[in-house]
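The following blocks contain the structures, represented as structure tokens.
You will see subunit A twice below: alongside subunit B first, and alongside subunit C after that.
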Partner chain A sequence: MRMICLGLLAMAEAVALREAAAASPVQHVLVQMPLLVLAGVLLGWNLRVRRDWAVPLLLTALTAFLFWMLPRSVDWALTPAGEAAKNLSLPLLLGVPLRLSWPWLGPVLRGFLKANALSMLGVLGFLYTHAPVRICNSYLVSAQQELGFAFLYLAAALACLWAIPVLFGHPKCGSFGTAGCSRCGV
Partner chain B sequence: MLARALPSVLAAVAGGGILWQVTDGAQAFTSEAARRLDVVQSPRQVPEVLLEDMVGRQVPLLPQAGEVVLVEFIYTVCGDICQISAADFAEIRDRLRAQGARVRLLSVSFDPERDTPEQMAIYGDAHEADGVMWTVARPRQKDLPGLLKLFDVTVIPDEWGGFQHNAAIHVISGDGSFSAVYDTDAVEAVLAHLDGGQP
Partner chain C sequence: MSTASENYIPGHAAAAPQAGAVKLTMILSGAVFALMMVFGLIMRAAQGQWIELDAALFYQLLTAHGAGMVGTAALSGAAIMWYFGGRHLVLTGGIFWAFLGLFLLGVVLILGAIFIGGYGGAWTFLFPLPALSGGAWEAGAAAAFMLGYTAIGVGFLLYYLELGRRIHTRYGSLARALGWNLILGREDNDPPPPAIVAAAAVTIFNSIGIILGAAVLAASLVHLLVPGFEVDALLAKNLIYFFGHVFINASIYMAVTAVYEILPEYTGKPWKSNRLFAIAWNAVLIFVMAVYWHHLLQDVVMPPWMLVVGQLVSYFSGIPLIAVTAFSTFLYVRGSNMTWDLASALLVLSVAGWSVGSIPASIDGMISVNKVMHNTMWVPGHFHTYLLLGEVAMAFGFMAWLVRGKTIARMNGLDRAGFAVYLAGAAGFVTVFLFSGAASIPRRWAVHYEEWLTHDRIGTLFSVLVVLGTLIFVLRFVARLGRSEG
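Let's turn to the complex of A and B:
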């Protein structure tokens, strides 16, 4: 119940940020959209599914993720129809499926997903800082470059967040616990 | 085994199909690319709109008697891209004039409040738009939103009191349909398009 309330809170917060999202792509793509995904993760926190559903759910989440990564989707998300689609699909088709499939994903697959997330953020950061054209018609070139740098900072922060437990042991496992980290991967 | 893999295969196929659809077959990842592809596939009828040119004369946006109209959206005090694109527009005009092509070039202001005929004349002078083959014109304020929507031009205020916009050369064919979009510096491609051969 508490998680559902938190999820709804994150959702309300994200919807309240609609003006900020229209003003800056950083607030749109790196604050509002992640909040919507977080809302979905929290809403699905206490749900469990059978293992058979893990891969289809992960693929659903990846599809939603790739869709909202497209620059034209970001432009579309500022129209009324696109905004409704964003507010519904990011929690329900990305946050919830990701949460449901995550416990069933092995450490190799998790590592693969994380490594890909980092490299993708790096590529996006390079693209948005160096593109000779405007990628989103709804945002200024300077804002596009800010978004590019924000992608790079995020990649660096996530790399630290994910690498430190691998290198120095996860706090929950004790350092270099013999059980490995499959139980407690974040 | 097959039954266990089936939901995953379906999810992968559906996901791939959706992404294929929404990028127009992996061709358009940005809204600018999407609009360019869309107008070629389904040209849009341009309404009868009159614009006011540099000397206060009313000029039609629609092509007259089989000519082709090239449209650029601008604002006259634009500091960067409009200046460069105006130079390219002038080159297109010069080469078309040498060919004797029946083409009219219009730089249409999306800031009709500030871009008075006098202001447009200054811009015209600066870029040698003499009002014969190429003129600078502004729509009435009430026609502007419809035009921007039809041409899918997004104008947003920038930090310096100006605007940023998806600048391009818009082609209105002789039948009055908006049927192609080119980069402002794609001089050769525009000329090839008008020559009849689609580049």
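Let's turn to the complex of A and C:
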């Protein structure tokens, strides 16, 4: 119940950011859209599915993700129809399927998805900082460049977030103990 | 003659993890090494005007030779590290097969891009050259080349993810696997062996290189498809050289695990991790990622401090290698009364060649020298020393050990001949490159002036010896495949 409430809260927060999203692509793409995905993840937190649903659900989530990565989709999301599609699809077609499929994904596939996310954030950073035209008609070129740099900062932050536990071990494991770590599966 | 069991190290060599997959990979590596060397021989003979070669075909061969040698060095290094990593970790065979399949898919795409599409923009795919062919190839060929790299990169990423997670599971953290307990003087009753320290370091720096390489590959692909999307050329060059430099270095750092794991069988002295060894590998981890700036010393728009760091790290990066691996090899071999067979001879040669190769690298890493030497044959002289007398010799040494059998016997006549021919050919070949560089003969030129032909022709003769030696090693490996490893 707590997770559902948190999910609804994230959803409400995202909807409340409507005007901020129209004003800044950083708030739109890196605050509002992730909040909608988070809402879906939290709403699906206590749900469980069978293992053979994992791949279709992951493909659904990746397809939704790819769609909303396109600059054209970001523009469309500011129209009434696009906004409704965004508010429904990001939680239901990305957040929930991702949450449901994630426990069934092997560690190598999870690592691959994370590494790919870092590479793609780098590519988006390249594109948004170097595009010779306005990629999104709704935003200024200067705002577009801010978004590009924000993608790069996010990539660096996520790289640290994901790499530090692997490099130094889980904090509960103690500092490089010799007995290994039950939490990490040793 | 002695038997491997006399020098047997408890806990080592007991398992033969996924030996079939590794042997297949080494057959493929040996065959591609030989083919790429033939390409190199053709290019040297064409430069020496002993054969006629269309300039467009020369650059296609140059591209295939560069991409093929770097890729195969990495493939063979990865197979070696997987094999010896498997002695200490439980690795999933399916990941290795997926890695090999993606690698072969990449090879097909790259060969198609070069020999069907006509791509000849060199293995470095330096932005914006792939999109500016002047009509020599279509954008589709360049895109296929980059997709081939992407497939290989994905394969390597899977490989490192599997290796990294198994190291993490076994040791609790990559820091412990890097020997931080040894460095900090903490008690560790199960310290990581040298192969694991190397594997942890390579997993970290090559994963970072691959992730950044994938970003610049994808951005370059977008530029090919939508030319209006310009990538910042200097940033792209930095990313490409970071990726390329780290990747080719990783191939040697992976292959050196063969030295750590095999030589103790001959010397009878176990090769253990200690504080100095761990410090050296942690230094390698940093240096290998900071040294690539020495490729950009002629880019005057680079921030000066980066170029200074590039020069300084070029000096320092040789120290961990020479202080630890080369010096330790010398100490292990000295006075051990070891039996010299083909495997041990090639492995010791590889450490010597790797160390010697760092000298021309450090010289070229000096800004004042680099201004004059970087676009000359000096640079191929340096990296051919690293590869022919370093990584490739490690790979051939590993192959010889894989089919050695249980008994360590002195080299027979064919082994001695193969070793002598390969050593003479490789040493002569790289020396000619270095002399040509010192004489300011430019690299990457399809057509040479009359005054340079003597260099090219002597180099061609030495490259014939290299190809002969390689054929002996590869055919010997195939003929003895039925035998088990030492």
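Here, the second predicted complex is superposed on the first by the 171 of 186 C-alpha atoms of A that agree within 3 Å, B and C clash if a C-alpha of one lies under 4 Å from a C-alpha of the other, contacts with A are read in each partner's own complex, and residues count from 1 in each chain.
In this section, contacts are C-beta pairs under 8 Å (C-beta built on N, C-alpha and C of every residue); 3 or more make two chains touch, one makes a residue touch a chain.
If you're wondering where the values come from, they're calculated on a predicted model, not measured in any experiment.
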item: Touching partner for A:Arg48 - first (subunit B), second (subunit C), both, neither; value: neither
item: Partner chain(s) touched by A:His130 [first = subunit B, second = subunit C, both, neither]; value: second
item: First, second, both or neither for A:Leu118, with subunit B first and subunit C second; value: second
item: Touched partner set for A:Gly169, first subunit B, second subunit C, both or neither; value: second
item: Touching partner for A:Arg2 - first (subunit B), second (subunit C), both, neither; value: neither
item: Contacts of A:Val108 with subunit B and subunit C, given as first, second, both or neither; value: second
item: Contacts of A:Leu70 with subunit B and subunit C, given as first, second, both or neither; value: first
item: Shared subunit A surface residues [contacts with subunit B and with subunit C]; value: 133
item: Residue numbers on subunit A that touch subunit C, as the complex places them; value: 107-108, 111-112, 115-116, 118-120, 122-123, 126-127, 129-133, 159, 166-169, 173, 175-178, 180-181, 184-186
item: Interfacial residue positions of subunit B with respect to subunit A in the complex; value: 4, 7-8, 10-12, 14-16, 18-19, 22-23, 28-34, 154, 156, 158-159, 164, 166
item: Interface residues, subunit A side, partner subunit B - complex; value: 52-53, 55-57, 59-60, 62-63, 66-67, 70-73, 75-76, 133-142
item: Complex interface listing, subunit C residues touching subunit A; value: 92, 95, 154, 157-158, 161-162, 164-165, 168-176, 180-181, 186-190, 204, 207, 210-212, 214-216, 218-219, 222, 228-232, 235
